[in-house]
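Presented below are the structures under discussion, each in the form of structure tokens.
Each of the next two complexes has subunit A plus one more chain, namely subunit B in the first and subunit C in the second.
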Partner chain A sequence: MFILKLIIRNCFRHPLRLLLTIAGVAVAVIAFGLLRTLVELWYLGAESSSSTRLITRNSISLVFSLPISYKEKIRQVQGVEKVANANWFGGIYKTEKNFFPNFAVDPQNYLDLYPEFVLSPEERGAFLRDRKGAVAGRKLAAKHGWKIGDQITLKGTIFPGQWEFVLRGIYRGAQRTTDESQFFFHWNYLNETLKQTMARRADQTGIFVIGVKKADQAAEAAEAVDAQFKNSLAETLTETEKAFQLSFVAMTEAIVIAIQIVSYVVIVIIMVVAANTMAMTARERIAEYATLKALGFGPFHIGGVIFGESLAISLAGGALGIALTFPAAGWIETELSQFFPVFHVTTVTVLLDLAAATVVGSVAAIFPTWRGVTIRVADGLRRIG
Partner chain B sequence: MTEGPLVEIVNVAKSYRRGSQVVPVLEDITFSIAAGEFLALMGPSGSGKSTLLNLIAGIDTVDSGTITIGGVNITTLAETELAAWRALHVGFIFQFYNLMPVLTAFENVELPLLLTRLSRRDRREHVATVLELVGLADRMDHYPSQLSGGQQQRVAIARAMVTDPTILVADEPTGDLDRVSAGEILSLMDRLVADFGKTIIMVTHDPRAAEKAHLIRHLEKGVLTNS
Partner chain C sequence: MVIPLSYSFRNLWTRRLTTVLTASGMAMVVFVFAATLMLAEGLQKTLIATGSPDNVVVIRKGSVSEVQSGVERNQASIVESQPEIAIGSNGRQLLAKELVVLINLPKRDSNKPSNVVIRGVGEESLLLRPQVRLVEGRMPRPGSAEVVAGMNIAKRFKGGGLGETLRFGMRTWTVVGVFDAGATGFSSEIWGDVDQLMQAFRRPVYSSVVFKLRDTGQFQALKERIESDPRLTLEAKRETRYYEDQSEAMATFLRIMGLALTIIFSLGAVIGAMITMYAAVANRITEIGTLRALGFTRTSILIAFVCEALFLGLLGGVVGMVCASFMQLITISTMNWQSFAELAFSFTLTPSIIGKGLLFSLVMGLVGGVLPAFRAANMKIVDALRAS
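Now for the complex of A and B:
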């Protein structure tokens, strides 16, 4: 109780120093939290992927397409329950700044395979019925002020021309981490247009999304699918959705590692600053610690007072930082949604923030605590006035 | 309590190391102090009087010799035993008061009692009694910064007295005070000896302060020059 009282009162002895230290730790924790969230975001696609979904693509590269005729053959493979084809469309809405992912899909099967894209039965029905119909995520629709029935024109980049769609549905994510900034439309609409304008590019698709009955059938089904198209003009590579997503992450792994390093460097910097502050504080109070020792107080008391103060300040900064991380992440999600459609601070990140603040407070206290505990009373008492 | 002198110092020597050089501070000090005595240690700066006081108070250790206080040879005690012994037997009065600035007068005086098994209520009673004794009962909720130098020293004396220690050690207790406040503090210390039978060992440069003592011992270059 006495130690706690002394810790609390000592914390407030230099209000400005306290404020600046707390602010420093808070800023570091915010930076750490946001950078960790960014790293998690990188892996979000992989983490939220389904274990019962497989992706089949051209074995040479994703750039090369696959014949749509493969679809029926894949459907007949044992263990395969559903197959949908999808194409990266790469359309631009008004200007390139308005980037959002847009895909031409086999709507019925695609929506069945991705139950995380939640549509009302009415909107789903309207989308399926209309060949020029499209579905947009809630955030995307909100950002551009789209309403059901709006006509949306995308300028094709991979498939040149002006492509007109009618918004038939606005989906919401089943989970908080579901990307609500995507745009889907009928692959048939794309294909029929291509048949008229670029016949050689018709009847092709980018990937097949395969749904298997059970997760433990995935490996076997993937092998069977690839075996079926071995020695064909377009050999396939079938992998789990997670592996498919991780292949994208691998392309940018150096950036992820750099961000991770920066996140730890931020913590190390604030640790050094906090250690300096605590060392300064302990140096100023060395005569007080010596007096307590002279009165009979032991290392536990002296160490507790110094360590407790460091930890209390650091945790206060950590708590403030964690509290501010959420609005900061919210701002990023709103204002930079084209880059970060989901910027959700997870419990793991909060726990890491807390751990970082604890480590900062503990490490910063090591030297001052050691100094306070080991100083000889007579030497400490000389440091007065 | 044992028969004979309360404090017995026998052949005590102390030196400090300064790099590779050994600097002797005290040499072959032998003397004793009876219970209820008020002793002043005088001498020029660097004569070793504060070092001797620290050794008697158990906050520094001898190189050789023995110091026995109330029958306990404190030179044989380990660091933790010495801390426990100090808490029970020594009351400290410092030149610069050494009060905790974040604690009130009451809380400062209560500090040594926190190491005892006294209940909160008993602690309150003890603290109130000694603050009354030093004439600061009405200032118990004041922080050191809200008190004058003389008042702070009186709080320090109350803190030194609250555990009813075997000895009180005072290092230049009036060194930071004006003449009036110094006079009040010395009168108070005199009362502690006369009315409560306390044993006080005081280091001072001030001849007026030394006058209050029953006995004055002079140190010169680490050696006692009179007895």
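Now for the complex of A and C:
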């Protein structure tokens, strides 16, 4: 009890310093939490991928297309339940700043393969019936103020021209982490137009999404699909959706690593600040520690007092930081939605925040504790602060 | 007015541990600040150096990069007939019809695949890019399945080195040379004969037409003529402009990211400086009283403490910049979102970044030190001398 009281009293001896230190730790924890969330965002696509979905693309690279005739051949492969084709459309809405992913898809099969995009039966029906129909995510629609029935025009970058769509549905995500900023429309609409304007590029698709019955059939099915098209003009590469998404992460890995390093740097910075504060505190109180020792308190008591104070301050800062991380993440999600469609702080991040605060408190206390424990009574009493 | 400057500096030395800790906190902030600026600078330098101002790139209207573009053969011929195109010493036009596609290659160290630009080049392509220099082997013979690889590809990607082979488009391609294009985007490309590559990729259209202008002032007229020609659906850009556009999104991302990080981090460091300076003032109340009694004015004391804080900041700034300057040795290789292709670039330090970094450290010191300095200056002599 006595020690606790001493720790609390000690904490409040320099209210300004206490306040500043808590603020410093809180800022660092917020920064760390947000950076961690940003890194997790990179892996979001891979995390939310399904183990029963495979992606087939041209083995040369994603910019090469595959003939649509492959679809029926893939459907015949053992273990394959459903096949949908999808094409990255790369359309621009008004200006490049409004970037959102837009795909030309085989609507029926695509929606079946991605149950996380939830559409009401009426909207789904309306979308399937209208060849110029399109579906947008809830966030995307809200951002541009789109309502069902609105006409939307995208400017093609890969497929030249102005492309007109009618919004037939607005999907919402089944999970908190589902991307609600995508846009899909009928691949047939794209293809029929291409047949008239650029026949050479018609009947081609970017990728096939394959649904297998059970996850353990995925590897076999992938191999069988690729074997089917070996030595053809368009060889395929089939991988699980997760591997496909991770290959994107790998391409920008340098940036992810940089953000990760930086997120640790902020913790180190605040560790230095906290260590400095504790060192100053201990230097000022060295005579008190000597007095305590002279009164008969052991090194454990003195160590406990210093350690406890350091830990209490940094944990208070950590708690404040964690509490503020959520509104900060919410702000980013609404204000910067075109960059970060989802900005969700996970439990793991909160635990890591706590761990970081604990580490900061502990490391900061090492040197002062050592000084307090090892100081000789006579030296300590003789010292003038 | 006399300012007790040596007193300030000696104090920093007396409280060595505190000085080192506070300064190193600021050094890290300056380091992060400078490193992100250097990265954005390096990216932009690389892409700007890739283009040359006399060259014009013609791509399909609306396409952002050469990879998305398509120029039909007949359209390319119309472009070829423009009078503004320069003539080389061999009497031929300095014009190249090129094909740019991406292929997936695994990296040497991690075996993870990444998108690499493969450029089908004509005979004049090399003349159009004087920065490209062959360092090993030879250029591919026209009509053969041979390619040359840029330095960054040869070093980083499997099958990219001299004498190695690549397999794509149902053919095996031998790397017969390695070229160095300095710090430009070309160093991250593979070049081969355009007709062979078009055949292999079953792509009957070019991606771009690149040519040198006879007179750089004729660009505007040429651009207007090409873009208003009803037979063409093309747009013309200066090569420098074209590559600048390619770097815009990524450089902006790096800058915003860097700025956001730095602001948050500097809050931490400023708080650190403030704690240190408040403690420095609190510990020295008697000394301040003595100084005042000796005749130093309030302003002198204020300036002395602000100087101490500024010096602390500068110390951190210098250490941070020295560390950051070592980052120039590191080359980052990542995918540029705009072109969807791998691009290698280095951290680049410029005098303006050094200036910004040091200024930033001084500002941090100033913000951290100004309030404590006022507290020191506002003390009453009697109270200060009486304090234990």
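Quick notes on this one:
The working rule: the second predicted complex is superposed on the first by the 383 of 385 C-alpha atoms of A that agree within 3 Å, B and C clash if a C-alpha of one lies under 4 Å from a C-alpha of the other, contacts with A are read in each partner's own complex, and residues count from 1 in each chain.
Following the convention adopted for this analysis, contacts are C-beta pairs under 8 Å (C-beta built on N, C-alpha and C of every residue); 3 or more make two chains touch, one makes a residue touch a chain.
Bear in mind the structure is a predicted one, so any value in this text is a computation, not a measurement.
Shared-chain residue A:64: touches subunit C; no touch with subunit B. Once the two complexes are laid over each other on the shared chain, residue contacts for A:378 go to subunit B alone; subunit C is not touched. Applying the stated contact rule after C-alpha superposition, one finds that A:125 touches neither subunit B nor subunit C. Touched residues of subunit A, counted separately for subunit B and subunit C, are more numerous for C. Judged by the touch definition given at the top, the superposed model places A:262 against subunit C, while subunit B stays out of reach. Of the two partner chains placed around the shared chain by superposition, subunit B is the only one that A:295 touches, whereas subunit C remains out of contact. Look at A:2: by the touch rule set out above, it reaches subunit B but stays clear of subunit C.
In the superposition on chain A, contact is made by A:279 with subunit C only, not with subunit B.
The intersection of subunit A residues touching subunit B with those touching subunit C, taken from the two complexes, comprises 385. Partner subunit A is touched in their complex by these residues of subunit C: 17-18, 21-22, 24-25, 28-29, 31-32, 39, 60-64, 67-68, 101-104, 110, 112-115, 168-170, 201-202, 204, 233, 257, 261, 264-265, 267-269, 271-272, 274-276, 278-279, 282-283, 332-335, 337, 340, 342. Subunit A makes touch with subunit C in their complex at residues 14, 16-17, 20-21, 23-24, 27-28, 30-31, 35, 59-64, 90, 96, 155-158, 160, 200, 231, 233, 235, 237, 247, 250-255, 258-259, 262, 265-266, 268-270, 272-273, 275-277, 279-280, 284, 385.
Per the touch definition, subunit B reaches subunit A in the complex via residues 51, 54, 57, 59-60, 80, 83-84, 86-88, 90, 92, 94-96, 98, 100-103, 107, 111-112, 114-115, 159.
Contact residues on subunit A toward subunit B in their complex (touch as defined above): 2, 5-6, 9-10, 13, 287-288, 291-298, 376-378, 381, 384-385.
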